[in-house]
Every structure is written in C-alpha cells, then in structure tokens.
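As structure tokens, here come the structures.
One chain, subunit A, links the two complexes that follow: it is found with subunit B in the first and with subunit C in the second.
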Partner chain A sequence: MSRYYLAWAKDEDVREKGANGGFVTATLVSALETGFIDVALVVKKKSVYEGIPILTSNPEEVKECAGSLHGTPINLTKYVVDYAAEKRVGLPAKPCDARGIIEQAKRRQVNLDNIFMIGLNCGGTVHPLRMREMAADFYGLDPDSVVKEEIKEGKIVLISKEDEGKEQENWMKIDELEQKGYGRRDACKLCVTKIPTSADLACGNWGSNDTKKTFVEVLTAKGEAIFKNAMDSGYVEIEEAPGEGIEKRKKVEAGMQKLAESWKEKLDEISKLSRSGRFEFYVDALKNCIHCGACKEVCPVCPCEANAKCLDMNDEKDSYVVSMYNMLRIFHLMDSCIHCGECEDVCPVDIPLTLIQRRFSERMQRRLGYTPGMDVREKPPLYETELRWSAEEE
Partner chain B sequence: MGKRLAENKWEPKILAFCCNWCSYAGADAAGMERRQVPPTIRVIRVMCSGRIDPAFVLMALLEGADAVLVTGCHIGDCHYVNANNKTRNRYEFLKEFVDELGLEPERLWLRWISASEGFLFAEMVREVTEKVKEIGPSPLRREWKK
Partner chain C sequence: MSGKNPHYTRLNLDGAQRRNRVKEMKVISSICPGCSIGCGLYLMVDREEKKIKLLHRKNSAVNEGKLCTFGTHLPAYYGREAQKNAVGGREVEQKEAVKEAKEKLKGMNPDELAFVALPCTITNEEIESFASLASEFECENISFGFESFFRGIPEAASYIIEKGLPFSEVEAASKIILFFIDPFVHYPLLARRILKAKKNGAKVIEVSFARNERGIADETVLVDPRDMEVERIKENREMFEDSLIIGELTPYTNPQFLLLMLWINASTSSKLFLLKPFLNSTGAFLLGGDFYTKRKKDLFEIIEGIERGEIKALYLLETDLAGVSEEITKTISKLGLLIEQNAYRTALSDIATITLRSESFFMKKGTIVNIEGRVLETGGESEKGLRTLESMGKGRSYDEVHEEVKKRLGLGSTKISEFEVAIKREEKSFELAEPKVEMEIERAEEEGYFLWYKTNPFFWSSGGDMGAIKNFVEISPWAMRKLGLFRDDEVEIVQGERKEKRGFKISELPPNLILAESKLSIKPFKGLLTGVEMRRADIKNKKIEKFL
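== the complex of A and B ==
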C-alpha cells in the first residue's frame, strides 16, 4: 500500500458540503456505521464564530459537521481525555490536537490504540474576535450578518446573508491583513507543524489537483485500517496521488514554515530587551493574573486535575512578585509546550501567554533536541533520570 | 543586629538545600574543622537532593532568597542509587528558567559535596556570598512600603 492518495466521498451531499471532497466526514461516518469506532468527536458549527465540540455516535450528526471552520480555535485534546478516554474514538485532528493527544498518551491519560486521529493540514485558525473585527473594519459588514467564511486563494472570504453567491472586490489577502495586525492567531502565525505527522492520516487540499478531492497521506497502521474500512464499506473513492501533487504539497508546507520563521522576529518583542528589561516585562505581564486556572484547564499537555501542584502551591496571600502558579506552570511546560496558544485564547485578562510560554520552552526544547507531541515513545525530558546530553559537551 | 538594622546594610540571604548523607555531613565537617563560614547561609536538610522539587527552589527565590544552593552527593555516590542524576536534570531546567526570567545566573548553584569535604563547603559558601554581593539583592524580593 502506498502512502499518498487522492480520495473523496461517494455520497454527493457529503462531497459538496465538505471542504475538499468530504473525505474526512465520509471516513468518520463509515467508521461509525461499521462499528469500527464507538464515537466520533467533531465540532458542530453554531455560527461563523462559534463551534461546539460534540461527542456523537449518530452518523447524521457527523454529516452535519462537514466543512472546515477557521474561526473556532478549539483544541480537542481535553475533550478526549475527559469524555472519551474509555471509548474507541475517531476525530479530525489539527496538528496541535494530534500533538496534544500524543503528549497525553505519554502521560498515560489516554490509550492511543483507541484513538483514530484523522489529521488535517492546517494553515492556521483565526480568533473569532479578530474575525468579527475584520468583517466590520475591512469588509464593511455587520459581523452578525456573516453566514459563510472560507479561505480561498490566500484570501479570507466573509460572506453576509445578502451577498451570498456574489464575488466581492474587497476580499483581502491574509498577508495584507496580518501586516495590519489582524488575520490568524499569533500561535498559528508562528507554528511550523503544518502537516500533522503524529496523527494517523494527514488530509488536506495541498497537492490535490481538484477542489473536490482530498490529498491523503497514510501515516500509521491505525490510519491504514480506518482508511481501508472506509474504502471497503464503499464510502470513499480513491486514486493514486500524482507525483507532482506530492512535490506541490511539500512546497506549500515549506513556504508556510518559512513564513512562520519570518514572523518569529516580528512578534518577539522580548528579544530586544536587556536582562532586567525582560524581568520587568514578565512581572508586568503576569501581575494581572487572577489565578482562575483557565489556562491550565484547556492546556492540551497538562494532565493534572483540580489538585494540580500549580494551583495547590499558589496562595493569593503570598503576594509574590510573580505568583507561584505562573512560575510552576511555565516551568512545567518548558519541555512540553506545543505552542498551540489555547492559554492565551481563554485568558480573561489577556496575558500574552503565547509569547511567554514560547520564550521559555523554545530555548529549552532546542537545547534538549526534543520536539513534544511527535513520538509517543519519547519520554518528557523533565521526567528523565539522565541528562539528554553528556555533561562533557558543555 | 540592631546596629546593622540602623545602618540599613544589606546582607545577602542564601538558602542551601543539603542532602542528609553527604553535603549536610560536609557542612557539619566544616564546623568540626573550625572553618569560617559566612553567616549568610541558611541550611535546609533534605533526605536526598532528588527530593528537592524545583518548586522549592522557585518558592525560595520568591520568598526573598538572594541565591539558592542545591547540594548533594557526587554523581555515583547517591544513597538512593541514582536520585542525584534527577537533581542534575532538573537543575538544567531551573538554570534555563532563571536565566530566561531575567535573573542573574549566579542566583542558582549546584554543587556536589561529600561528607568529608568540609573545606569545599566553606569555600563554596564564601564564593557564593562574594558573587551575590556583587550582583546585589534579588529583584524577586518584595519591598515593603514604609
């Protein structure tokens, strides 16, 4: 069995509704109907700006969730851990979902044999608030009237109820918007994991020669099993991927990674500061923290429950310069942060956590030569007994 | 003490974690040998340096220690097989953390001291005190309003 395919759903409705041929939806539906998985974890669209993760065994409900949502930056890891750890579950997984689940598996929170991750190539997501601002500021739309959102030829397309079906002149390139401070989330701008190589399948339109065909890469034996299941039960049709498609996909990925590298300097305001300036920055940013624990709750890496050490050792009465909660959370993520940016999204006082966590963890991970969320056999270095490098090297 | 308060002279506060089997005995030996040790040091005895959670070190810094010393048996001499290897691993994390936070690297020390190395203990405390006096009080120390 080769690794690369073009695949699409046989069902015309699903093919039409899905972003690129409905392969992901069809695979999940077939797996549910044949009993290959118990439940599917999918994100149900509520509006352009809102999606709700649902755990369902009803194939009809999965079909309703076809199509991509760019304005709902949800990480599904904690939903798997909390609600589906005992079941055979299939889910569409962005690179950060897949990496989060791998990290949880390393910490024995989930059994990876029961989780089928249908990976999605991901160029990034947009924060719903930024999306609303873009609709109002650049497209002259009432944010609530927007009914459709997509990313087409590098442009963010927002369509209101009245304009449905019409081409618009004022659609803007993502690049342009990002130069003005809008566009994707900071975490996504900086992300270099665009293809979920730690998932079971990697699907997307990169490298596909038809907008209604999905380019699929089979990554694991589990991925092969769910792919075969969908094929045998007659839900998807496939063809060999053309050679130029594989090249094209690689090129798109490399281009994205290059763009991410160029963002690194622009978004890192701390690198210009001196040592004491850096200290001031961190103290200033973290002093607003109200210790609600929301960033810990959504963190796809953190396996702790309500009695987590960071919350347990924190006491408001201490009135430390930097609270124990922040110190411990940053410390514990130094080797394992996957830079998904969920913490910043949920922070009620808007602490720039994407930047802070990245500053701390990136240098440590570079030194360790360790990338979290990629290989389930690699133990998190903080739990190791031996150093990952020999002491004589330094 | 009263005189020092009146002059408002700052003396560094250094917290040392010493393992029961080697470095605490080493500190003891320094006393037995009548070596001069600066009074800047406060010792906490732990059963093993592997018992030192990084959270302890961070909390010590937050509570106002100007420097934290982590000491244990030499690698290979650990009373609990290999627990001081874990200390060494965690120390590397702490070192990066302290550096990134914007504290001087001299605020954190790791030394291996055996039970017979009283002279090393005294020397180390002198060295640390000197270095910390150079860099001044920790910015993490809270300043109470008068």
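== the complex of A and C ==
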C-alpha cells in the first residue's frame, strides 16, 4: 500500500460540505457506521467563530460538523482524556492535538491503541474575537454575515452572505493581517509542526490541485486500518497521489516552517533583553498571576489533577513575587511543552505564557534532543524514573 | 511512527480520577454568576447533570474565554446540595409547595411581608416576575440589596449607580483612578482591561489603604487607616480631573463613601464606574424600576424590621442571607413565615416554612444585563424558577415575561447579541453639595487593628467545596514582629465575643491593617474598615514555645 493518496467522500453532500472533498468526515462516519470506533470526538460549529467539542456516536452529527473551523482554537487532548479514555475514539487532530494525545499516552492517561487520529495539516488558528474584529475592520463586513472561512494560498478567506442570499468571497493575505497584529494566534505563528506526523493519517489540501480532493498520508498501521475501512465500506474514493503533489506538499510545509522561524525573531522580545532585563520581564509578567489554575487545567500535556506538585508545593501565604506554582510549571513543562498556546488563551491577566514557556522549554528540548508529542516510544527525559518503574513492572 | 508500546497501554488512573471522568457530555453555554462582569463559559454536564466540567468559551465578547479563580472552580459551586420542595420540613410535590406558599402569602398583611433577592443567579425575567409578584400582594418591601444608596442622592446621579461602562472605555482611558479597589482581587477580569489601558499609555493612580502588591498603579495615594484622611482625598481633587474613577458598590458600602465618590465625580471632569458583586445588579436596577423610590425598606432595614417583629413573612429568592451575615440566621428564625426559593440548600433551609426548588443558574432560560450593559442570554432551557413565581402571580408564559423585559429595557424588537452594548449610559451633570464625610469607623481599642475585607466572588458566592478560597489573612511585618509570629503560627482576630483563628501572610501593609479575602465570623462594619483586636493564637510548635 502506498503512503500518499488523494481521497474524497463518495457522498455528494459530505463532499460539498466538508473541506477538500470531505474525506475526514467520510472516514469518521464510516468508522462509526461500521462499528470500527465507538465514538467520534468532533467540533460542532455554532458559527464561524465558535465551535464546541462533542462526543458522539451519531454519524449524522459527525456530518453536521464537516468543514474547517480556524476560528476555534481548541486543543482536544483533555477531551479525549476526560471523556473517551476508555473508548475506541476517532477524531480529527491538528498537530497540537496529536502531540498532546501522544504525551498523555506516555503518561498512561489514554490508551493509544483505542485512539484513531485523523490528522489535519494546520497552518494555524485564529482567535475567534480577533477574527470578528478582522471581518469588521479589514474586510468591511458585518461579522455575523460571515458564514464560512478558509485559509488557502497564504490568504484568510471569509465567505459572507449578502442580503440577497448570495455568497461573496472576501480575502486578505495572512502576512498583511499579521503585520497589523491580527491573523493567527502567536502560538500558531511560531509553530513548526504543520503536518501531524504523530497522528495516524495526515490530511489536507497541500499537494492536491483539486479543491474537492484531500491529500492523505498514511502514517501508521491504525491509520491504514481506518483508511481501508472507509474504502471497503464504500464511503471514500481514492487515487494515488501524484509525485508533484508530494513535492508541492513538502514545499508548502517548508515554506510555513520558514515563516514560523521568521516570526520567532519578530515575536521573541525576551531574547533581545539583557540577563537582568529578562529577569525583569519574567517578574513583571508572572507577578500578575492570580492562581486561578486555568493554565494547568487546559494544558494538553499536564496529566496531574488536584494532587499536582505545582499546587502542592505552592503556598499562597508565601510572599514571593513570582509564586512556586509558576516556577514549578515552567520547570515541569521544560521537556514536554508542545507550545500550543492554550495556557495563554485562557490566562485571565494575559501573561505571555507562550513566549515565556518557549524561552525555557525550546532550549531545554534542543539540549535534550527531545521533541514532545512526536513519537510515543520516546520517553519524556524528566519523566524517566516513572517509566523505568513501569517497564520493570511489565 | 506511533504504534503499540507495552509501556504505555495500561492506564494509570486512580479511583478518584476515574470517577471524575464523565461518560456522556452535553455542552451548555453559560455565564459565570461570580460578579457583575458576566464571563461567558461552557459547562459540560453528564446525562444526570451532576458531574460538571468547565470549558473556556473563547468567543465570549465579555471575557474571551478567560476566567478568574472563582470561574475556574465553578463546577464545585454547582456541586452543592440541591434544594427540596418542602412544607414544614416535609418533602412534597412542587405543586403542593407552591399552592401552600401562595395561600400563606395571601393571608399576610402587605406591611408585614418582605421580598428579598440579591441579583446573583436570577435572570431579568425572574426579577420582573418577582417584582410583579410583590405588587400582586401589594408589598412595597422588596429589596435587591442596594436600595439605600438611592436615598439622599440627586435623581440625576442615579444612572451612575444603575449602569456601568463598557470595558472598551476602561481600555481607552488616559487616566484611571482605582478607588479603594484591587482589581486582581475584587474583579480579576477587570485587571487585564486596566493592564491594556496601561499599555495604551494610561496613567493608573490608586487611592487605597495599601499599595497594590502587583504594582499596577503608577502612583499611590495612601490613606492612613488609623485616621481616614478623607479631607486629603478632597484636597487632592484635581488629581481626579479627566479620569475614569473605578470603585465598587456592595451591600456593605458606606453610603457616605458613595456620596464622596459622587461628589468627586460631580465636581471634576471625570467618569465614575462602580462595579458590583452580583451578576445581574444592572438588570435588577433597571427592572426594579420605580420600586427604588417607592420602597419602604432596604435590605438591612428589612432585617431590622424582622428583628423588631414588624416583618413577619419573608420570601427569599435565590439568596443566602446567612451568607451576608451569619447573625441573620438568628433573626430570620423569628419569622412566622419564611419561603425560600433556591436551587441549593442554604443555612436557612432547615428553618424555612416552605422551600421551593428552582433550577441551577446554568440550566435557566433567560437574560441578564452585565456591568457593561450587554444583554446576555443565560444559555439554559429551563423555565422552572420563573414558572414557580408566575404560578403565584400573573401566570404569564416565559415569552410574555421576556417581551415585557425587552420592552422595559428599551430593546424593542432588536435581536439580543452579546456583541452589542445595548444598555448605554449617558453621562449627565448633576450638583452635589460637598459632603461632610465622616468616615465612621468602628474604633478598636488602643493599638487595635483594622480589618479590611477585600470582597471578591468567593466572599459573596462561595459554596460547595470550591477549594480555592484564601483562608488566611494578610498582616504587616510590624504586626508579625509585634506579635512574635513564626511561619506556621496562627493569629486570632477578636471582635467582642467573636474570635477567629487564621493563618497569615506577610504583606507590605500599614502596621495596623489586616486584609481578608474570605469571610470571617467578624461582623463587617458597614464601611470599609472594621475595628478588631489581633493576637497570636496558641503556639503549635512546642520547640518554638520553648525557645521563646
């Protein structure tokens, strides 16, 4: 079996509604219909700016969730852990979803054998409120008139519904928007994992010349099984991916990675500072922490609950300007942070956690030669003791 | 690359973790009831709506998915013991309890009757229905907790009490005065707006008893708690020119203090923004309507009325009065008739004549108005609480009450959208004579201390096992040395017969000031500071005792 394909949904409706020919939706629907998986974890669209993760065994509900949602930056890892750890679950997984799930599997919070990750190539997501502002301020649209969005060929495309019911395509270059402080979230601008190679399949439009065909890379035996299941049950059609498509996909990925590197220079205000300046930066940002615990709660890598070290060793009666909670979290995530930016998204006092965490963990991960969330067989270096214990017990 | 690996296939879950995992999930878009900001969030509930998990709603126009400590612990708040439908402690069908309540209310003299609802978890529709129910019984003793503030102020100034301002105005302000308010504690979701204003070039000045520990202010005007230098504030009036003054109004606010804020506002070119601790305070002000001028008694007067035996019956709607003051339970027990309608049991439920069970706030269908003036939908589908009220009153449907609410809020036929500030406030000029402000402080004995309650969502709305409540007090290094305290010691705070032991944190505070973020058994004086004594509690560490 080849590793690269062009694939699309057979059902015309799914093909029309889903992104790039609806392959991802059709694969999940077929897996549910045939009993290949128990449930699907999908994001239900409420509007262009809002989606809710739902766990469903209803194929019709999965069909309703077809289409891209770049304005819903949700990491699905904790939903798998909390709701589907003991089920055979299929889900569309962005690279950061896949990486989070892999890290949770290493910490034995989920059973990877039961999780089917239909990976989605990802150029990044946009904060929903920034997307609304963009629609109004840059596209001159009533934000509520936007019915669909896409990111393609370096542009953010907003499709609005005019008064007469006609759909109008409006676009702006991502670069242009981002120079003005809009566009993708900072974490996404800096992310270099654009193709989810730690998932079971990697799907997207990069490498496909046909907007109704998804370029699919089969990455694992599980990926092969769910892909075959979709074909055998007649839900998808496929053809071999052309060689130039594979090359084109690689080029797009490399281009996106290069762009991310350039953002690193632009956004990294910490490295430009002197040692004392950096210290001041950290203190100034972290002193505002109100210890709500939201950053820990949403962290796709953190498996701890109420018995976490960062909570246990922190005493709010201490008068430290920067609390032990923050120090421990930085330390604890140094080897494993996947830089998804969820923590910064939910921080009530806007601490630039993406930048701070990156500053520590990126250098540590480089030194340790470890990239979290990419290979389930790789031990988290600072977690080694626990793993040895586990191996002996087995 | 990934594949089966024996080391990772066995789940490492302890029993507690497994129990916490929700098997089925239903997602409800909701609003945090912790304060008047009204942060949007999602709650994921299981089929029985018992296990609840929180999800950050990043598309919320109010908070962008960000929540304070109270918000992140909201599932525990909703995990409290549910209220029962009961008459005289005997569990009955809801219908029977409602019928009994109606009969009993009918038999009361209107002057002996009072209706109280702190607008924390009640919708606009319930406020309208509750007020209408009080009218049906010709009762003018209806309180939403803030009536006394409307007395003695010009009518033209009442808009400041009634309506807040959109946070965009905070972010755009060039000068912000924090008037005895620590945004990180009192209203954490306000703090990021002030930080944004600072980034935009705003100057932040705080007027307070103590410097903000996070250094949010560029300048601090310290007021000595031993001698409330109100005159100093008055003398520095030019400091308030062209500023946005941010303060707080709670049931404990000293009315004289409010007068001072209004006077500063009236005599300078400033705007005054008063935050409130209860989610739907704005809705209650706007829909309480002319009740504010007509009403006979405010919340504390109603309690005094009960104490004196003038008020014999009380209808409490989703309000834990024992939470306002622990002493109240004793007073309430003097009532001949107590009807408590609530989703959860409170300290008063056991002594209530009739208890009526309503739904949790997240299940309610309805609207609220947040402090910015946004009309927000509560997200649920249940009309149970409203139907209970209406079945005793006019018998209207949800749609009829909702239409009335829209009409009274001046919303007309416009679609409700969280992205619009529908209730706008118009700045008016008014005149106010310079108040002779005597910041009445309960004086403690010589070398006594002053307790400053830094009220916050936990202070007003804690419940269940929320786990994040700060159960210690903050004291000055001077007090620590004076009392000879060591790290794990406790202090005992004393007010007459009342005593309370707490752990402590050392903060940069004036010598005699004590800060508390959680409720102590110390009765708060109606003002900012309460005079107390403080001493070292029994020494736990015997080694240290020997050393001493």
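Simple rule for what comes next: the second predicted complex is superposed on the first by the 369 of 394 C-alpha atoms of A that agree within 3 Å, B and C clash if a C-alpha of one lies under 4 Å from a C-alpha of the other, contacts with A are read in each partner's own complex, and residues count from 1 in each chain.
As a working rule, contacts are C-beta pairs under 8 Å (C-beta built on N, C-alpha and C of every residue); 3 or more make two chains touch, one makes a residue touch a chain.
On a predicted model such as this, the values are computed, not experimentally measured, just so you know.
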Clash or fit (per the criteria above) of subunit B with subunit C on subunit A: fit
Partner chain(s) touched by A:L328 [first = subunit B, second = subunit C, both, neither]: first
Partner chain(s) touched by A:D318 [first = subunit B, second = subunit C, both, neither]: both
Subunit B versus subunit C as contact partner of A:R359, first or second or both or neither: first
Partner chain in contact with A:E50 - subunit B first, subunit C second, else both or neither: second
First, second, both or neither for A:A105, with subunit B first and subunit C second: second
More subunit A residues in contact - subunit B or subunit C: C
Overlay on chain A, subunit C to subunit B nearest C-alpha distance, Å: 6
Subunit C-contacting residues of subunit A that also contact subunit B: 318-319, 387, 391
Complex contacts: residues of subunit A adjacent to subunit B: 275-282, 309, 313, 318-322, 324, 327-328, 330-331, 334-335, 359-360, 363-364, 367, 381-382, 384-387, 391
Complex contacts: residues of subunit C adjacent to subunit A: 1-13, 16-17, 20-25, 27, 42, 53-59, 61, 63-69, 71-72, 184, 188-189, 191-192, 195-196, 214-215, 417, 419, 467-468, 470, 472, 503-507
Touching residues (chain side subunit A, partner subunit C) in the complex: 47, 49-50, 52-55, 71-74, 82-83, 85-86, 102, 105-113, 127-129, 132, 143-144, 197-198, 200, 219-222, 287-288, 290-294, 297-298, 305-306, 316-319, 345-350, 374-377, 387, 390-391, 394
Subunit A-facing residues of subunit B, complex: 54-55, 58-59, 62-63, 82, 85-86, 88-90, 92-94, 96-97, 100-104, 139-142
